[in-house]
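Got some structures for you, see below.
You will see two complexes here that share chain A, one where it goes with chain B and one where it goes with chain C.
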Partner chain A sequence: MSISKDELVDVANLARLGLPEDSLDKYTSELDSILNYVQRLSGVDTSNVDPLIHSESEDYTPLRLDEQNNLNEVQAFRDDFLDNAPQTEGHFFKVPKIGD
Partner chain B sequence: MNKDLHLKKATEIAELVNSKKITATEVTKYFLSRAEKLNTKINAFNFLTPELAIEQAQNIDKQIQDGKTFILAGVPIGIKDNLNVKGIKTTCSSQILKNYVSPYESTVTSKLWEAGAICIGKTNLDEFAMGSSTEHSAFAPTKNPWDLQTVPGGSSGGSAAAVASRMVPIALGSDTGGSIRQPAALCGIVGMKPTYGLVSRYGLVAFASSLDQVGPLATNVEDASLLLSVISGHDEKDSTSLEAKYEHISAQADLKGLKIGLIREFASNGKGINQEISNSINSSLQLFKELGAEVKEVSMPLISEHCLDVYYVIAPSEASSNLARYDGVRFGYRDTEATGLLSMYKKTRATGFGSEVVRRIMIGTYALSSGYYDAYYKKAQQVRKLISDEFEKTFKEVDVLLTPTSPLTAFPFGDKLNDPLSMYLCDIATIPANLAGLPAISVNCGFDSSNLPIGLQLMSGQQKDQKLLQIAKAFEEALRKNNSQVSAKLPELIGKVN
Partner chain C sequence: MNSVIEEITKKYEPVIGLEVHAQLKTNTKLFCSCKNEFGGEPNANTCPICLGLPGVLPVLNKTALDYAIKASLALNCTVNPKSKFDRKQYFYPDLPKGYQISQYDQPLASNGFVDLPDGSKVRINRLHMEEDAGKLVHAGAERLHGSAYSLVDLNRAGTPLTEIVTEPDIRTAEQARLYVQELRLILIYCGVCDGNLEEGSMRCDVNISLRPQGTEKFGTRAEIKNVNSFRSIQRAIEYEIERQAEILDEGGEVVQETRLWEENRGCTITMRTKEEANDYRYFPEPDLLPINISSEKIQNIQEELPLLPSKKREIYSQEYKLNEEESFIFVEDLERGSYFDECIKLSNNPKKVAAWVNGPVAAYLKEQRLSYFDTKLSPERLSEVLKLIDDGIVSDSSAKKDLIPDIFTSDLSPIELCDKKGLKQITDESAISGEVEAIVNQFPDQFSELKSGKDKMKSFFVGQAMKRFKGKASPALINKILDKLITK
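Coming up: the complex of A and B.
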């Protein structure tokens, strides 16, 4: 077993996923088989191999000027963003109370 | 005059519009009406955008009257529904973004509108581009135009089915592990993943940032090339985009002396590759040889043995981080039952995401968690380095690599839905190019005995996109001359509208 039901519940908590009780066995068994499969990686000798984070050259760092945006555009943009929010108050996102 | 507009290439449509033989508005109305009728059967589009399309077309017509011309004048396009088009919904085929309206425009789509293209609608996908069949769409699956009982592949299944049924001549997709090429193969069209960084991802909803790339789907190589030439180039809003621009190909490559590497492990029934697909790939190799190419068998054991392991650690890890933003606070769905913040997060995410997205977030969170990071994430990135080295070494011996795009042709709905690992195996030949950031293209090379399309994949070294498309065009042309029955074949249902 790569992952137990208790570990799955811990991982779900870390991921902020409130999985229904009746789905836990199914997810445990699916994750277990996927994790078992990817464990084949442990058979590859990677001593002295640097990790490849992405495929671009490491010294590629494009730069741009740090210019101030037009304030009117930013305000219009802000309103469009707030329109997508589930709940707002003034120019703020509103959330339920912190701590249950 | 309009009768067979859907059989024309994008290049031909642009030419007709630029030369004022037809207006962009006429073209748009023709394709909108076609898409409305066909979409009820195929469900390639999550929704059509007729108002935007007509507005864009009228604007293009006005400018053409004033003497302007456009590369994609009046060419209708389908946009995968994980790319932002301002003022239009971007759902990612997920409940969590069902009502999200894009407050800004993706760089790729703004380039398309400047080039005269017309937005016909947003195409269906596996939720957040995670899947190989479009069955993981939270709304409804897309059907394969060649056989409505089978899947179109995924995750860009909507874009592939829309092009294959000629609802649009071209479409945009995104490819993280094969999501453009595999559906292109299953739907019998051309799909290409460019070199990592060649196309801006500003406005693409992030899945796995070290792998994601936007690319073209088209009925032919020339249109794919033209579309890529429009969307490529450095973008200061995406610092991973390269200082490189793709130039449209003017001619096909001369294949004489071209060295093609056939990956031994993916040939002759290896890796669960269906026999009919192997046979079709062998006939294609014969055709390459007749045109003067040399075929050399190469062995790539790491790529064939470990690409899936590496991918199913790296992609979910990056996804678990990227998808943390869907928490019911700033946008998207919120569960309103919850009384506290923590329970709001948990309920929102558990009900907003579908099962495949949940699985991947869980795998990624596990692989990145304390105590497991080195064994999974770091290990996967080390093997990724070895895979990239294996490619580099092989490209010293050959110019391009050839494999089947997919080990299977289109499969029936439900076939792999309850076995995530068997679904993951669909991408065994496409994932390697994403891990190493290489350009790769799928072109149709034949049909199986059930009349389902077979795709051939070509991969080349980084930033050799132009050469790759020239080679693909030469193959396409040779197939047309050699076996016109194959290259002229179209899904039956496409003739039944208009």
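Coming up: the complex of A and C.
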């Protein structure tokens, strides 16, 4: 087994997914078979290979100058996104009670 | 150190490490071109990137990177030629993307140290860059608990931070406070952080454990969050030392957990235990390629580093022979310090310059709420005043008393001011030598005592002469004339 039922519950919890109790066995076994499949990669000897994190491994991240963006655009944008938010109060986003 | 802590530390040794988040004072955020400012109308400084909307890409701010490198070098760290960003994932309404872009296993810099004014050294484990989260306002309550809903302001989301982590080298609450004060000064000197603790420009987490004195093995630690002033750093650590000592004394075990410092109640409370510890599931940030820093770039930034506080203290005390208090003031108060530095270039008497800057100059500026470079008393002008005193043209005491406030406000030169106010001392030897001789003749007994080597008599004659000249003759000049008469 690559993943236990308890681990599945943990991961679901971290991802804020509410899995019904009676679906846990099904998801555990499905995820397990996916993980087992991917696990085959561990069979390759990579002891002499550096991790390849980005596909363009020779390139470095571009930098931008520390200059502010166009203020008019920002203003127009802000009006838009506040209109699209489920709930606002003044210029704030409003969110439900956090935690208990 | 209070007596309770003193008693505890006979038995247990506190082991303390600090994590400080310092905001970099760039114009714009770390990964987007939104303005980086404290305050501002809620959500005024936001864009699709810092709001975490789909389909956007972060681009690293060059100045933020330069500032972080500068801070690393000032903290004697090795800047790693290659580092990368990672995603730290958790859900909270102040984090719009659901992850924070931070650095995990390849930080920007590592292995530094800070020398503290008390002579101790605190090693730096690492310095890395990350983005800040937004701010929450909890409606109807001061804290999270009890509020019906929360309001989110994302102006701060995405502003650049450096996280600076020490080794567990700190042993007392005072040393922890000293470290944060020194770190703050270093960052201010480098011009990379404004060091404003009230506005949250620097925020501190404390890791602390106790171990029996004389043992090596670390005890179980607690992490204290929300410690955001010099005073609360010291208070929170002292509280935590007492709390952990009490548990250990009763034969209990300290639980590894994250605790929150409650400033108003003066205590720490459990925030989450190890079991509930966040699992951040870090992984390399796919939206950003690695950071490459050339040795030329490091070299260039190294050369830009200003004189740092510890070096300044050394110069002030060893070269200029200033006392601890004077040098402390010039190092802490940047403006006063740089005014003093300018003045000292024009003088060969640092003690005298220091006495003037910290004395009449500081007093006048404080009273008038003016800054050092805002009055007519430029460093050049102050050096002219000091030269007049050195040359005996005006006495130090009358300059301090009678030239203020005019030297700060008048267009007249110091010498013209002395003229106008009749402060000039007699400096012409021939003008007063006859009078001094007359005094000597008036007190023949005292003079023969002086002649026979009773030096104390000198002040008697100087006093007599000063009386005669109503304080306008320079004592140095009278001394000189007396010396001539003695050897005659």
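As a convention for this text, the second predicted complex is superposed on the first by the 93 of 100 C-alpha atoms of A that agree within 3 Å, B and C clash if a C-alpha of one lies under 4 Å from a C-alpha of the other, contacts with A are read in each partner's own complex, and residues count from 1 in each chain.
As a convention for this text, a contact is a pair of C-beta atoms (placed from the backbone, for glycine too) under 8 Å apart; a residue touches a chain by one contact, two chains touch by 3 or more.
Since the model is a prediction, treat every value here as computed from it, not as a measurement.
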Figure out whether A:I53 sits in contact with chain B (first) or chain C (second), or with both, or with neither. both
Go through the superposed model and pick first if A:V74 touches only chain B, second if only chain C, both, or neither. second
Once the structures are superposed on A, label A:P62 by its partner contacts, choosing first (chain B), second (chain C), both or neither. both
Is chain A touched at more residues by chain B or by chain C? B
Touch test for A:A12: chain B only (first), chain C only (second), both, or neither? first
Have a look at where A:P96 lands relative to chain B and chain C in the superposition and call it first, second, both or neither. both
Touching both chain B and chain C, residues of chain A: 14, 16, 53-54, 56, 60-62, 64, 77, 81, 93, 95-100
Name, in rising order, each residue of chain A that touches chain B in their complex. 3, 7-8, 11-12, 14-20, 27, 30-31, 33-35, 37-42, 44, 46, 49-56, 60-62, 64, 77, 80-81, 83-87, 93, 95-100
Along chain C, where are the residues that touch chain A in the complex? 26-28, 32-35, 41-48, 51, 53, 59-65, 84-85, 89, 91-93, 136-138, 144-145, 147-154, 279, 281, 284, 286, 288-292
How about chain A: which of its residues touch chain C in the complex? 10, 14, 16, 53-54, 56, 59-69, 74, 77-78, 81-82, 89-100
Quick one: in the complex, what on chain B touches chain A? 100-101, 103-104, 196-197, 209-210, 234, 236, 239-243, 302, 305-306, 308-310, 312-313, 320, 324, 327-334, 336, 338-347, 349-350, 353, 358-359, 361-363, 365-366, 369, 375-376, 378-386, 388, 420-421, 424, 435-438, 462
